[in-house]
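Per-chain numbering from 1; labels A, B, C and D assigned in written order.
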Amino acid sequence: MLGASGYAGRELCALIQRHPALQLSFATANEQRGQTVHAAGRPVTFVATEDAPLGDAELVFSSLPHGASREWVDAARAAGARVVDLSADLRPGNGREGVPYGLPELTRSEVRGAAVVANPGCYPTSVLLALAPLIERDLVAEGSAMIANSASGVTGAGNTPKREYLFGEVAEDYRAYGVGNTHRHLKEMRATLERLGSTADLVFTPHLLPVTRGILSSITVELKAPLGDAMEPWRQRFAGEPFIEVVGAPPRLRDVAYRNAVQLHALPLTGTARPMLLVFSAIDNLVKGAAGQAIQNANLMLELDETAGLL
Amino acid sequence: MLGASGYAGRELCALIQRHPALQLSFATANEQRGQTVHAAGRPVTFVATEDAPLGDAELVFSSLPHGASREWVDAARAAGARVVDLSADLRPGNGREGVPYGLPELTRSEVRGAAVVANPGCYPTSVLLALAPLIERDLVAEGSAMIANSASGVTGAGNTPKREYLFGEVAEDYRAYGVGNTHRHLKEMRATLERLGSTADLVFTPHLLPVTRGILSSITVELKAPLGDAMEPWRQRFAGEPFIEVVGAPPRLRDVAYRNAVQLHALPLTGTARPMLLVFSAIDNLVKGAAGQAIQNANLMLELDETAGLL
Amino acid sequence: MLGASGYAGRELCALIQRHPALQLSFATANEQRGQTVHAAGRPVTFVATEDAPLGDAELVFSSLPHGASREWVDAARAAGARVVDLSADLRPGNGREGVPYGLPELTRSEVRGAAVVANPGCYPTSVLLALAPLIERDLVAEGSAMIANSASGVTGAGNTPKREYLFGEVAEDYRAYGVGNTHRHLKEMRATLERLGSTADLVFTPHLLPVTRGILSSITVELKAPLGDAMEPWRQRFAGEPFIEVVGAPPRLRDVAYRNAVQLHALPLTGTARPMLLVFSAIDNLVKGAAGQAIQNANLMLELDETAGLL
Amino acid sequence: MLGASGYAGRELCALIQRHPALQLSFATANEQRGQTVHAAGRPVTFVATEDAPLGDAELVFSSLPHGASREWVDAARAAGARVVDLSADLRPGNGREGVPYGLPELTRSEVRGAAVVANPGCYPTSVLLALAPLIERDLVAEGSAMIANSASGVTGAGNTPKREYLFGEVAEDYRAYGVGNTHRHLKEMRATLERLGSTADLVFTPHLLPVTRGILSSITVELKAPLGDAMEPWRQRFAGEPFIEVVGAPPRLRDVAYRNAVQLHALPLTGTARPMLLVFSAIDNLVKGAAGQAIQNANLMLELDETAGLL
């Protein structure tokens, strides 16, 4: 595991430790090399990234920073390991196409047995799983804009010390950021929506919540025509999916915390001239939005049970 | 002051105590009658509502529950007092038209010298001040839907004990509620938007934040045509307004907490086929969203300086 | 499981669902009977307590309110079930002596194979495990007072709606309660300390923290004589204990959250005339302080592996 | 004002702006020089400390870091200004004796008209005002240890970005720090207690709370003899003090937040062999624990009304 000292990296270390078929062969963290932390009750001692015995691992997870990950993905590949890359470097819309995008509920067949997989961003996981059933069935009004307002807990920003993420700044606060369709995750979402066949635009406005974990996306969509049963597209599309829960009321963060789960809910809007739908999606940004999904992808790449270590 | 034991009622008691020209003649709270609390450092002893010496007051604030307030407004009027009603009973869209709506930045001339004023809801204050400049200038695309996602601190739900508002339920959580255009405040917003000349629909989705105070509204609007200067409509419309701050970045709750202020920000959206605008609005739900605005209205009704007791 | 709708009850349902050797045969909750909730991802439908098929269970957990639990413990015994009682009714100092006290690290031999066990309170678990090694070795100055300042998350107060536990009251607050040695848990602690041979007094001051889970106890003790190695008594006494972690720095709540663990740390105080020691103890009040410990006791009663379902 | 960019510095800027007799002539912040922030609704532009026009000010507040403040105090004195130093540099026990200690309720006569005053630390303010009435009357058992457990909000640690104060680390956590009588404020407390005539020891254990503001100290004291009326020493000693509130129940942080107030409460402990007392003290660490007290001292130094700008 490369880059193990961030919030997602630690979550992933803990998941690996508890996994029935995986063993943690190394964990790198340049600034904290030599330090020992506990993950799932077991000690993990960090080494420098350049000292990582890449060849010892059958599969390498990289949670290195965006921009810095790509070269290590190549090094791990050269050493013979499969790679799940949690950075943005290999994701759709980020310049290196052709790497399978690891959102298994949409791309399972590409991930199974793959050598390298780009693990999705937390916001894209939340938004894409909410929108895919509508887009695949061509239900969204052409030329309309799908309005996604998302709110994330602060672990999404990592654990590098920055003033804006101090407790004294975040507590009792709430604000939008990355506004005006400027967020780094937008191109990943747009590239994937296009691939799914979308002809609608996406407006994405992220917000910072005073919670540690979780993303809730509240998405307003204009439809071509009213739906008889507003939740049917998700129920049908995701039937049998082990990690997707189509729920009967707007989901709350607490119900997905610490779980590799997505909760989805949809309902029609009344009192609008055009037919409109509200779709909600809740995940734990560190689990289904990062480390849990990385394990899910690793399970598929290694042809293990997809749910191994995740229930 | 009728109904003084809730969060808005207490905030109002404190503002009255600090006001240079107002004195608190009584404060009612049926369940807590006989109890003494401190507001702005001075003791306030609650009496039962039926024991309120309505005739002693030149102006009565009613923060009684929705439905229960109307009869006491009438009683206070009969006793010769002016009334600021903080309940929904007299607000537009709630069945008793003709009472001035106390959103002074939009309705100042109706409020000045009035005998009874309906104090706006917290969400409508937040949303209407954000949208009015666009609607008054007829900039919104006809037939489009204005998408308002709002998030409120828990004091907006009052201090009646309910399980869903326990710390153990709200902390580390975030969720939507009153979804599908069902929130009680929607008719108040729609009635006012129509009166301003709106031909667009409103979609309003409130969320519950793990903070005590504050409302942030993030509103996406489709325009007839792109705007040259996205913030100009607000700067121009609210020039000289003492409580409106048009700010250069998306506002955060901390910057309006404990103040009778609205912070507004707007920016164009890139990458959409139709011209679209994001508008943000932040208030303290207990101040500009309730008690502070009630003082602002009282100042106008009594022909005092509108900012008295509020700076 | 009797009384399954509170925070501890739900935690216990989830632990039972995940336990390799236990199955949940029923869950009672009078006010919520007929409702279905999810515990550990599996549905649980509540029945009324009077409809509980007590005879179907080999072991019954009672998380009924204090005072109400005792009669149901008797009923479950009469129906042939073993019982772990999470209420205070059968705990030491509460009037019905002779029932084994389920603090396995101190009373394991009494719990193993027992028919009824009184599961300790959360504060007593925290304080007693911190003090036992000192008292058993007679290290505490005679006639001195051991000063325990504890701070607990709000789930310790249950999920019955009360104004004082609303988010709007607890957030950004901190206060002592049950002060002056009046807390209900004090007699349980005193009875147990006496049984361990203590000749010192206990001063216990609980505080309410704005967190959902966790108890930290900070205890100041006057010693008969300085200790060479301040942590040795705990290391030696708890060697091999699966759920006790003697750590090298003052513990923090985050490190024990969601785990059946106690973290203990001790250090000498400098600059005092008499030899004094600081002892810190951290637990998750819902796990080692309630549901996890109940499972630990059940494992011992049923002669299963003590750690089953808890790692 | 020197060092205006920290939490205490900003609070002080805002208090100066609202003060009826003070005007802010400059505000320094090296890292943020050139930036403009808002304090009490008015803009403040930071300059570098070395560019501060010290001679323009009648009185200079220094909120520079410990160690760095002393030389600027001397420079401001040389330029003819009076100085309130909020750093630890001139406080008792820190090596430069003879500077009046600005805890007006204990040292008012020394502060009045003084040229330089050392503004107390937040913890010492909290602890010393709680203990002074007992010590001045010689009520504490000789040779005993007064056990002070204090808990502070995170603004006490300043706004320099450090990982341990990130929201993701502090939320849902609670821990002790500076344990074993090692906290920097201890010598300030001990020197002052000795000066008051104390013959007892002090044990001081600070904790970090997941709140932004406030300090609660819970202090256990062994008395020479039981007190008839536990609160009488505080009521008598602090009668007429404008900022001290002797309250009838353990104080909570919310009741002192944003106010230059100390709330004190005392009660006897039952069930201990020796006569013991619990004393509680609550302040806002940024107001009575820093900026508010600095204004109180400035008012006395300039022979203004002591409460000017603070009610």
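We adopt the following convention: a contact is a pair of C-beta atoms (placed from the backbone, for glycine too) under 8 Å apart; a residue touches a chain by one contact, two chains touch by 3 or more.
In this text the structure is predicted, and so the values were computed from the model without any measurement.
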| item | value |
| --- | --- |
| Listed pair (B-D, A-D or C-D) duplicating the A-B contact set, over half by residue number | C-D |
| Distance-maximising chain from chain B - centres being C-alpha averages | C |
| Chain D against chain C, contact positions shared by both copies (same if over half, else different) | same |
| Whole-Å gap between the CA centroids of chain B and chain C | 46 |
| For chain A paired with chain C, centre-to-centre distance based on mean C-alpha positions, whole Å | 37 |
| For chain D, residues contacting two or more additional chains | 169, 171-172, 210-212 |
| Complex contact set, residues of chain B against chain D | 38, 41, 171-172, 255, 258-259, 311 |
| In the complex with chain A, residue positions of chain D that touch it | 7, 153-155, 159-163, 165-172, 210-212 |
| Chain B contact footprint on chain A (complex, rising order) | 143, 145, 147, 149, 151, 153, 169, 171-177, 179-182, 186, 190, 201-203, 205, 207, 209-214, 216, 218, 220, 222, 250-254, 257, 267-274, 276, 278, 280 |
